[in-house]
Amino acid sequence: MKLIVAVIKPFKLEEVRQALTQIGVQGLMVSEVKGYGRQSGHTEIYRGAEYVVNFVPKIKIEMVVPDDRVDAILETISTAARTGKIGDGKIFVASVEQAVRVRTDERDEDAL
Amino acid sequence: MKTKSLVALLALAALAADPALAQETAEAAAPVAEAVPTHSVFILNTLLFLIGGFLVMWMAAGFCMLEAGLVRSKNVAMQCTKNIALFSIASIGYFLVGFNLMYPGDGWSIDGMLGAFMPTSLEPVGLTDADGNFTGPGDITYASVGSDFFFQLMFCAATASIVSGALAERIKLWPFLIFTFVLTCIIYPIQASWKWGAGWLNPSDDTGFMATTFGAEFLDFAGSTVVHSVGGWAALAGALILGPRLGKYAGGKVNVMPGSNLPLATLGTFILWLGWFGFNGGSQLAMGSLGDVADVSRIFTNTNAAAAGGVMAAIFLTQLLYGKVDLTMALNGALAGLVSITAEPLTPSIGLATAIGAVGGVIVVFTVPMLDKLKIDDVVGAIPVHLFAGIWGTIAVVLSNGDAGIAAQLFSIAVVGVFVFGVSLVLWAFLHMTIGIRVEEEEEMAGLDSAELGLEAYPEFGKGSQFV
Amino acid sequence: MKTKSLVALLALAALAADPALAQETAEAAAPVAEAVPTHSVFILNTLLFLIGGFLVMWMAAGFCMLEAGLVRSKNVAMQCTKNIALFSIASIGYFLVGFNLMYPGDGWSIDGMLGAFMPTSLEPVGLTDADGNFTGPGDITYASVGSDFFFQLMFCAATASIVSGALAERIKLWPFLIFTFVLTCIIYPIQASWKWGAGWLNPSDDTGFMATTFGAEFLDFAGSTVVHSVGGWAALAGALILGPRLGKYAGGKVNVMPGSNLPLATLGTFILWLGWFGFNGGSQLAMGSLGDVADVSRIFTNTNAAAAGGVMAAIFLTQLLYGKVDLTMALNGALAGLVSITAEPLTPSIGLATAIGAVGGVIVVFTVPMLDKLKIDDVVGAIPVHLFAGIWGTIAVVLSNGDAGIAAQLFSIAVVGVFVFGVSLVLWAFLHMTIGIRVEEEEEMAGLDSAELGLEAYPEFGKGSQFV
Amino acid sequence: MKTKSLVALLALAALAADPALAQETAEAAAPVAEAVPTHSVFILNTLLFLIGGFLVMWMAAGFCMLEAGLVRSKNVAMQCTKNIALFSIASIGYFLVGFNLMYPGDGWSIDGMLGAFMPTSLEPVGLTDADGNFTGPGDITYASVGSDFFFQLMFCAATASIVSGALAERIKLWPFLIFTFVLTCIIYPIQASWKWGAGWLNPSDDTGFMATTFGAEFLDFAGSTVVHSVGGWAALAGALILGPRLGKYAGGKVNVMPGSNLPLATLGTFILWLGWFGFNGGSQLAMGSLGDVADVSRIFTNTNAAAAGGVMAAIFLTQLLYGKVDLTMALNGALAGLVSITAEPLTPSIGLATAIGAVGGVIVVFTVPMLDKLKIDDVVGAIPVHLFAGIWGTIAVVLSNGDAGIAAQLFSIAVVGVFVFGVSLVLWAFLHMTIGIRVEEEEEMAGLDSAELGLEAYPEFGKGSQFV
Amino acid sequence: MKLIVAVIKPFKLEEVRQALTQIGVQGLMVSEVKGYGRQSGHTEIYRGAEYVVNFVPKIKIEMVVPDDRVDAILETISTAARTGKIGDGKIFVASVEQAVRVRTDERDEDAL
Amino acid sequence: MKLIVAVIKPFKLEEVRQALTQIGVQGLMVSEVKGYGRQSGHTEIYRGAEYVVNFVPKIKIEMVVPDDRVDAILETISTAARTGKIGDGKIFVASVEQAVRVRTDERDEDAL
């Protein structure tokens, strides 16, 4: 099983969720993060003082999926989240060793 | 321009120094210049009710913000819904039944006990002709019926607001609204008629039961008992039948469930504080004479002093007891101070008013945890503030008002308590056994907002993720 | 003290029982005691404007909080900016041009159609000498120019506030402010002059077009049409040219974009409710006679009743239709009730006022989704509340006011609508084609706060991470 | 009903056209109908104080919300605590000492310099008998003592509110409250007595120091200097001793610490704006004559105009300077406009009032960053708004008031400044060296809410995780 | 060392924390997430427009623990978080290679 | 590639970000968490009732970096975030198998 972590632009969340649902992803979790990256660093003025806006609001999506679904999912997220402009985000994949569904105590791929 | 006061004083001093002159001026001026014309009295009294009324109306927003700030965020939208709905229901119920039940005039159904049943009608449009002469029917020595109704309605609504806070986070919307309707139509007006409608607790002559038994009428200027403790009793009955929030006393401990938005609760307190000037000041019921308006001024000052006393008592006491000041106690302290002075805001000196309010603040600090020990779950502290401080305030009348008798006060507190608590208990129990008053466990866990309203008070997650 | 009402009633009854005595008292008292002196009338009328004015000014805060609560958090600071700016612009524009355009007196540029162009000047300081004798110029039978201007200005500002809510979350700041300036300088005052400036919809004699054509003047007591529908028409024109928010109707569906802070929206509604007592009550324009102040009292009561009716209608209806109460509809219902009673808050009975307000609440519940079906994106429900309920309220005048004629009302609604909608449409289109009225797509996505203001309404992340 | 104004105008015109008739009517009406009876004057003046007083009291909520919105969320509950506590302390302190120190009448301890030391006592209950005749002691040409005290108290409390904003986020609760007590008991009343208590800056005859030296008294209608700059000076002294927030100027830069809740700050500004009508309007100190009430109207209008001017100046200027509008500057601009007009809200024309306010807005935009350059950390912009705009407003009196002299104004500004800044500096330094005025570094990092109060303003995390 | 990630119903947080404390877990971090899963998808009406509530508030708990504690912890969380109703959540386990305690610069298992 | 997860005191965020930027870290994401650890457990009183404050506000920083940067980054974070007082936080390192840059579809180390 793999954990896929995608950090995307907030307003792309709904589109990405729909695209993932269409290819059969049934579970994920979403959190609010602030991203620091190439997009960061523009200057604003607040009460006459300049400051650099380093952190940009982003949405992080995490889902654990069977190994064979990874490529399709990467493809789907990448397409749905792309605007072509800087700050579109990243997707990372890591290994997961175990999974448990709390309600039933099912394990591993059954738990996804 | 601020020195006018001085100038006037000096002018007066000058007059005083030359009695003849003063006399002369006074004589010349007196006939036309001193008397306040009847119509002006009517206008000024009416104006007091209108100003007082809108200030007390504003308290509805205060209760709403206070409660919205002290519940957990998953129940905030519901608390807002309940508050705007209860105010609306009170407006309708008091019009349909309440006002004439409370002020039956000569139309008592049972003398001194049960008023008249009919909707309120206002006096006709345009009581005066083009020259300002009175042409309409009715009483022109008091104030307009419309203003009187408007003012009194707000007291009725305030009573209902008290209940909503105590029962927050677990009561179903509709049963709560049904209770509110009965409270504002029937329960509140009946007991209020006993005192303010000139019923058996306050008959217009000296041969009544109170006078003969206790040698004193029941005195409650603006409603420490008639309004606040009534809300408190109704809330207490509800809290007992409804039970505490899930987990509140789990594991034999008092589990803290902090309010979600303290600046909102603070705002609510300030709103209530402001509205209270209308509540107490308007209860003078007149400002068409020099004496009345000076009395209203005393009331404003004392009301403010009592609130300040309540705040400072709560602040000092929480610092002493817990080593830290508790903001929510300070807020409750302000309100307890206000409730405490409500039964007699006129006669105390500023110092006494401050002290009476301070005792209210002390009461709150001690009784909030006491209720918790009794496993009575009052989300916003409504029972300590409105019931306990209300009782204290009603007793404190004897400290400054020579007409008050401790026995008459205690008896009346008890009478109102038994009636309101009893009827409320029956009504809550009835609702409980029929339609049920409490949401399902799972709904309570998820929060009333999503369970009963299908929305969230603060729905955002991922700023801007809501569809672009 | 609450029994005074009773005592007074009894006193009156006693008098009535002895007609001779009553007669005598009345006769004796009449000459000096009954009449309200001219100066007092002036003072009381002025006071009504001042109190009414500050209450209506407070509505600016109400609109701001309502809108700040109903937009998404990425646009909240911008909504606050727009609301404080539009109020300021209205204050300046109405002074520079609006007031004299609306109340030209004898100075019409085109008789009954177009008023006078000049800034407002107040009467001089100190209209009376030390003895209180009138020394200044002008009219002392009405009220001070300053109070009149102050009161009327607030109506103009309220009109502009209505627009900002409907167009929220996508309109650029500066074009919006330019529109506001024209609206408050020109559009609002011109149409208001037709009615309230004694223009062609309300001439001072019976030979005017309205009287001869419809047999009735246009009646709009406090502005269901003259204020609220005007804001609504301007908003509708803007919404059409501006288009819906990105994604609002994407995929052929209505995509819900929930408001970010419902307690704030509730607070805004309570503020507006409170302010409305000034709005409608102050529009009596006088309280220097017994009849006037009693009328103001009726107005307060009816205004409150209509709001309550609007809330309860929306609550019942959403429960029936959707199985759940919708708080935002209840809030809109309160406002729709208030708008509905605004054209005639004086003549209805309390019951009728409640019903008129309730119809307003029903209108809102049905027309909010209707607009969505037409893909007209009105963020806060301003068009249903102010335009649709405003039309209803203007028609409802005929239910209780015998002087009103349905034809005259409909004609006037149409005239005002055509004028305001037409001019607004042209102006919005002009702004659209020149400087552009809509932010870039990407800015809209990021939110107007960061795009147009460079800040956030709720900037915190990682509590306390902001530099220690 | 809105055309009444017109009708009245026409009626007047008609009268004017037939002088004989006008004369006749006037003659007939004059004796009874024109004069405002003494008691009515007293009532109306008192009413002005009561209305003005509750409006200014409401400013306490405005300061609280403004400050709660402009601090970081980890300090919000503390800011609320400080605001409700300082208002309560002011209420008690001004009663115990302040009022009689400020208005000693004939009881100066040091003539014209130091007032009387004794608590305030109100006039007795019920100044008139049943027929409305005056029976009580005291002055009936002015207003009730209670209303006067109530109104003046609110000014004292406002002064204290100013300080709390500037020193937010790092000052300890108790030392702040001690300072507040001294400020409201001693510092504010003493300097206020110099002007408003008819002390040496404003003696009642023309032989005083000011008249002989400068040929003019110090003029400060509602307190640009006497209230606002006093708060500003006390805040400045505190800010200097206290030092900036940790990290504010770390690394030689100005590190931005954005306010946590801008809609709350906006609400606070609207509240203050509303309250200011009471602040300035009530300072007319009379509305019992036609001239006074017309003056109050002028004041309301000008107060509003100045606020609008301040907002628009700040909006235009931030757009010009920074390319983006800054909402927080617009809010500060409104307040600076209000402070600027406070020294003379009566005599300017609307246009001039707008301009005076606009200069206030400009001052704020330039001095907020200037203070930062000086490493004086004023969290909410209190010093620019209340001190700098207060000085400007005091000077601006000469623009429209012929009685004002620039030298007298500058001298008085300096005198008040030296006194208040000096005494405050000593007091802050004393507190600093004894009990310490600043929280520990770690406490400041964690936020005062958790460190000093042991709670959080917005405690929720994981909606609904708080024990079910 | 293993990273255990559990996503649970918010009102179960306190119970889970207590259970974990009892079996000796001394450190963890909690974040607020929105979950998408089988529980999602009920319809609500807001201002007359239907919408699907896809995201349900959940709490994510993350902790890094020695390998030999994993089974006990899975068991504990699973038991404490279970209501038996849909939406109870999931637990995932992944490998962690290094750990550092910032205060002392201790490494790996010593750092936990 | 490695995923580095650091949980630190909130007021150290800016310092840590600057330190990381200086050693060339160009992307990361930040989230708000509540931490439970040795620092937890002091007692407060709210409305007269005692309660234990178990969760302390913390900031979680996550970044994916090439393997050879890990040590330097650990060192940098550890130094910048340290106050020497209890509750300074932890840093964890786990393996990441794939990375995608959404904007360009670049993969793995190119995507970082």
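Note that the chains take the letters A, B, C, D, E and F in the order they are written out, and that residue 1 is the start of every chain.
Note that in this section a contact is a pair of C-beta atoms (placed from the backbone, for glycine too) under 8 Å apart; a residue touches a chain by one contact, two chains touch by 3 or more.
Remember, it's a predicted structure, so these values are computed and weren't measured experimentally.
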Contact-pair overlap exceeding half with C-E, pair selected from B-E, D-F or B-F: B-F
Winner on C-beta contact pairs when A-D is weighed against B-E: A-D
Between chain C and chain D, centroid-to-centroid distance (C-alpha), Å: 29
Centre-of-Cα separation between chain C and chain A, whole angstrom: 47
Where chain C and chain F are represented by their mean Cα positions, the distance between them in whole Å: 52
Of all residues in chain B, the ones touching two or more other chains: 32, 35, 37, 40, 47, 51, 247, 255-256, 258, 261, 267, 322, 324, 326, 328, 445, 454-455, 461-464, 467-468
Touching two or more other chains - residue numbers and ranges from chain F: 11, 30-32, 34, 44-46, 55, 85, 94-95
Residue ranges of chain A in contact with chain D within the complex: 44-51
Chain B-touching residues of chain E, taken from the complex the two chains share: 9, 11, 34, 44-46, 53, 55, 85
For the chain E and chain F complex, residues of the former touching the latter: 1, 3, 17, 26-32, 64, 94-103, 105, 111-112
Chain F contact footprint on chain B (complex, rising order): 254-256, 258, 322, 324, 326, 328-329, 365, 368-369, 372, 381
Parts of chain E lying in touch with chain A, wherever the complex brings them together: 2, 6-8, 31-38, 54-55, 58, 60, 70, 74, 77-78, 81-95
